[in-house]
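Down below are the structures I want you to see.
What follows is subunit A paired twice: with subunit B in the first complex and subunit C in the second.
Let's look at the complex of A and B:
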C-alpha cells in the first residue's frame, strides 16, 4: 500500500448510558482511511455506522462515550485531544455532512451566515473575505446565483440545494477528511445522482478523503474505492469495491447483494434477509448474525468469529469461509 | 401594512364587547349615588342626583350615550375628582409602564440564564433546583412575596424604601415582586423550548463545524428557542397588567392599577371604564406586537 493512512481506527467501542445501564452499540471496530480514498461504510440502521462517524467527529450525544479503542488522525490520538484542540479539528480537518438537508441547516440564519461562520472560525478571516470565499464555495458546488443565495434562508432552497450548501460548508476549510452520513438518502433519485457526481468531481480536484456512510449499495458502487460492511456494531467484511461486488464472502453481504432487485429477472418475491438487527442490549452469543444466517450451524451460536484476512485486502468475519 | 390594517380592524368588535361588559358590570355591582351622598341624604336628593347623572335612562340608552362620547374621545368625568376620567388615567400611566417594563427586565434577566442552564443540565440536581424554584415562584402570590420583601429588605435591613415612587430605589422591590412570577413562567418555557431545540439536527451541524459549545447553545439553539418564548410572553401582557394592580396596591405605587382599584371601590364608573379600555388597548397592542415579533424572529413565516 503506497498511500499513507489518514485515519486509523483500532478496536473502537462506543456505549450509551441508558436507564438500564450501559448499552454498547459499536463493539470493537477497526479500519483505516487512506489519503485521497473514498471509503464506504455499509449496513442496516442500527449497525453502528452513524455512531462510529459521530465518535470520530467527537460529537456523540451527551449520554454516549468512546470507552475503548484508538482513533488516530494524522498521528494525533483523538481520544487524548483537549476539547479546544478537537474543536480546531472539527469543521477544518474533518468535516461532516448529514442525512437530512431539510433540518441540518439552522432555519433562522441565512446561508451566508452559516457559511461565513465556519470560515471565520477556522481561517480567522474578515467578514468580507469570508463572504467572498462563501460565494466561491457555493459556485464550486454548482449553485447558480451564489451571491443571491448567500442572503437566502434554508427554507427558501430545495433539498438538493441545501445539501449542496452543506457540502459547501463542509468543504469550505479544505478538510482532509469528509464524513458523509447518508448524504443522498433523503433526496430524489435524480438529485441523488447529481450530489454523488458532485462529490466525485470535488474529490478528483482535491486530495480530500471521503468516508461515506450508506445502506444503499448503488451509492457504494457509484462512488467508493473500498467498502466496509458493518453489522451489529462490528465490521463483518472489508474489501475493495470491485472485489466486494464480484466476490462477496460474508453471508450478510451476500444477503445485501441479493436484496437488490435485478431488472431482467422476473420474480414473485423480492429477496430479503429475515429478521432485524439485534437489539444492542440483547446481543446473541457467538456470531451476532447467526439468528438470521442461512448457513448458521451449532458452532456459530458458540464461537465468536474473528475477522479473517482472506487476501491482502479482503477480510471476513465468518467461520464458514 | 395591509396585514396590520386588517388586524387593527379586527380589534374593533373586541373593543365594543369589552366596553359593553364593563359598562354593565359596573352598573349591576352597586349604586354610586349612595356612595357619593352622605347617609343623611333624603330619597328625593338621591333621586335628583340619579336623574342628573342620567342613571334613570334605560341601560341601552346610557350605553349608546356613553359610546357616542367615547368615539369622540370623551370618556366622561370622574365622579370623585370631577375632571376628565381619561386625563386622570393618562397621568398615572407612566408609573405603571415603568413598573411593567422594569418587571419584564427583571424576569428576562432571571429567566434566560436559568432556563438555558436548566436545559443544558437536564435531569441533574441543578435542573431540579431551578425547575423547583420556578414552580415555587409561580405558586407564590405576589402580594405575599411583596410583603415578605418589604419585611426583609425594608424593615429588617432597611436597604430599600417601603413604598412610593421617588427614586430608582423605590422601583426595585415592586419590580422584583412582579417580575418573579413572570420569570418563573418564562424559565420553564425557555427550558422546554431549549430542550426541544438542542435535539435538532442543526445543533449537531453547529457542533460539527467546531463552534464552541457556548456559541452552539447561546446563538444557534437559543435563537430558535426564542421564537415560541417571545410569542407566549408577549401574550402574557394581560397577566403583567393584572399583576400591576396587586403590586401597585401593596407598594402604594401611584400607577393606573392603584387608581383602578380605588375607582372600582368607589363605583367611579367613568374611570373604571376608561381604565379598562386602556388596558384592553395595551393587551391588543401587545398581541399585535407578538405577531410581528414572531414574523421577525422566524424567517419561515411569510409576510403577505
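Let's look at the complex of A and C:
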C-alpha cells in the first residue's frame, strides 16, 4: 500500500520566549501522516506532543514560534502561509478537538450557532442550509434529539455530549486531517469507549486522517495504525502499532509499557521509570533520557543519538539497540 | 482466616439539598450516597470504583468526617463516629487520613515542605522544635524525598514529588486508615507506577489500611485486595479483586470492565458499549438505577429496587438478574 503523504513534518523546532531567554520544547521532530491513517503521538507531560500539534495548526501561544524545520500539508508550505490563508485551512482542511470540550466551546453561544459559524465561514452556505448540515453532523456523531441540542448551550450538556459536539464541529467541513489532543482523557471510561468507537467508525466511513495525541497506551492500542513516541521534545521511537507493542526497542518505550498496570495480569510491584521528565530549560547533554535510563553508559551522556531506521517502518533513537 | 473490620459502614446516606428560585423555593434532593453497607478490613486495600457522579468521593469524605451523614452510621474500630465527643473525634481523626488527587491544589503554595509535612504534628501538638524537624526528615525519607528539600516550596517540585509530600503529610500522624481519593489519577504513567509502588511499600511496612477511590480500573486492580463498584450512590457489586475482574456478576461491572482500553492491539475488540450516560442523581430512574442502560433489564428491574445481598460467600451484588 503506497498511500500518499498528507502531512510532512521535517526537523520541526519550536521555542518559547520566557523571562530567562528562549526555551526550546520541540527539538527537531520529523514525521509524516499518510492519507486515511491514524497516527498516535504518545508521551508524558512535557514531551512536546501538544506543542507539536499547536504548531501544525498555527495556533501557538504568542510567545511561541517555530524557528526551524518544515511543515508541508498537501504540498503547501505551512510556514509560508499568510494569516488569512491559514484561516482558510484551519477548520476546513485541518481541524482539531481538545481535551476539555467545556473550555473549547464558547459558553455564551448555542451549539447550533457554533456549528453554523464554521460551516458558513468555509462553505458560504445560507443559514438554513448550514443549520440542516449542523443537525446532520450531530446525528452522525450519535447525538439523539439533534434538533433540540442545536438550541442548547454547552453547560447544558454532559461531558461526553460536549465532546461529540466538538467532533461534529471539527468534522463539519470534511477535513482531510483531524488532530485530536487527548480527546478522551477527561471522560469516564464507558463514555471514552463510545467516543473511541465513534472515531474509528468515522475513519472507516470517510477517508479522514487522524492524529491523536495521548498519554494512554490503551487508547493507542485501540485506535492507532502507527505510533510515535516522544520524550523531551524528540521522537524516540516510531513504528506501526502491532510492531511497537510486540517489539518496543527504546528503553523509554519499554519502561512506559512495563509501568502500566495490566487489567489481566497482576504483578506485585510495577516497573517504574525512576526520576522525572527533564525541565526544557535544563536539558541533559547527550541522550535526553540517559539520567533515567537503566542501560545508560558514559557514551550516552555525550552523544546525541540519531533516529536509526531499524527496518522499513521502525525507527529508534538509542545507541544501545 | 477471619478478618477484623476496622471500618463498618451501615446504611450510609448523604443527600444534598439544592434550592432553586428566590420566591418559590423549590428544593431537590441529590442522593449522592444512598444506602451503603460494607466493611473495610484491617490491613487491606479496598478499592472503590465508579464513574463521575457515582458518589465515591462523597463516601470518602463521609468516612473522614469531612461531611456529616444524612442517615446511617460509620463504625471505626467498633465505635460509632457520630456519637463521639469532640475530644474523642479529634483523636479518631488522627487515625483517619487522606491523600488527595491534585497535588497542585492540595498543598499551600506559601508553605515550605517542612511546614507542610510538620503541620499535622503541630496542630495535634505532638511535636515541636528539634523533635518536629527530626520527625519531618524521617517522614521525607519514608516517601523518598531528601533532607535537602526541607526548605523548598511546592512549585519547585514535579507532580510526582508533590504527591509524595501529600503522602508524607498523611503519614505524619501515624494513621491506621488512609483514604486515597484519586491519588494517582493526575500523574503521568511512569510517575503513577512510582507512587503505586510507594503506597504498597508503606502498607507492608506500616500495616496501613487503604480505601482507594479511583476511576482508573487498571490502577485499582493493581493495588486493591477487594473492589467495590458504585453506581448512582449505591454499591452494585463488591468482592475480591480477581472475582470482580474475572467473574463480574453485575451487568454494570461487566460493561465497565469492557470499556477499559487494553494496551495490546492484538486484543482490539468491538466494545460491548453501554448506551447512554449516567442519569442525574437528583432524579434517578425507578427500580434498579442501572436499568435504562442495562442490556438485560426486565419489567421487574424497572419497578423493584434490587436488594444488595451476599450472593456467594464474600461476593455482594445488587441485581435481579446477576450474570451467574
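One rule holds for everything that comes next: the second predicted complex is superposed on the first by the 315 of 321 C-alpha atoms of A that agree within 3 Å, B and C clash if a C-alpha of one lies under 4 Å from a C-alpha of the other, contacts with A are read in each partner's own complex, and residues count from 1 in each chain.
Here is the rule we go by: a contact is a pair of C-beta atoms (placed from the backbone, for glycine too) under 8 Å apart; a residue touches a chain by one contact, two chains touch by 3 or more.
Model, not experiment: these values are computed from the prediction.
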Partner chain(s) touched by A:59 [first = subunit B, second = subunit C, both, neither]: first
Partner chain(s) touched by A:105 [first = subunit B, second = subunit C, both, neither]: first
Subunit B versus subunit C as contact partner of A:68, first or second or both or neither: neither
In the superposition, subunit B vs subunit C on subunit A residues touched: C
Contacts of A:259 with subunit B and subunit C, given as first, second, both or neither: second
Touched partner set for A:118, first subunit B, second subunit C, both or neither: first
Partner chain(s) touched by A:274 [first = subunit B, second = subunit C, both, neither]: second
Subunit B and subunit C contact sites that coincide on subunit A, given as residue numbers: none
List of subunit C residues in touch with subunit A within their complex: 51-52, 158-161, 188-194, 196-197, 200, 215, 217-219, 221-222, 241-242, 245, 255-268, 270-271, 273-274, 277-278
Partner subunit B, residues of subunit A touching it in the complex: 57, 59, 87-92, 95-96, 98, 100, 103-109, 117-118, 121-122, 153, 155, 166, 169
Contacting residues of subunit A [partner subunit C, same complex]: 44-45, 158-161, 188-194, 196-197, 215-222, 224, 241-242, 245, 255-257, 259-264, 266-274, 276-277
Residues of subunit B defined as touching subunit A within the complex: 200-202, 204-212, 220, 223-224, 227, 297-300
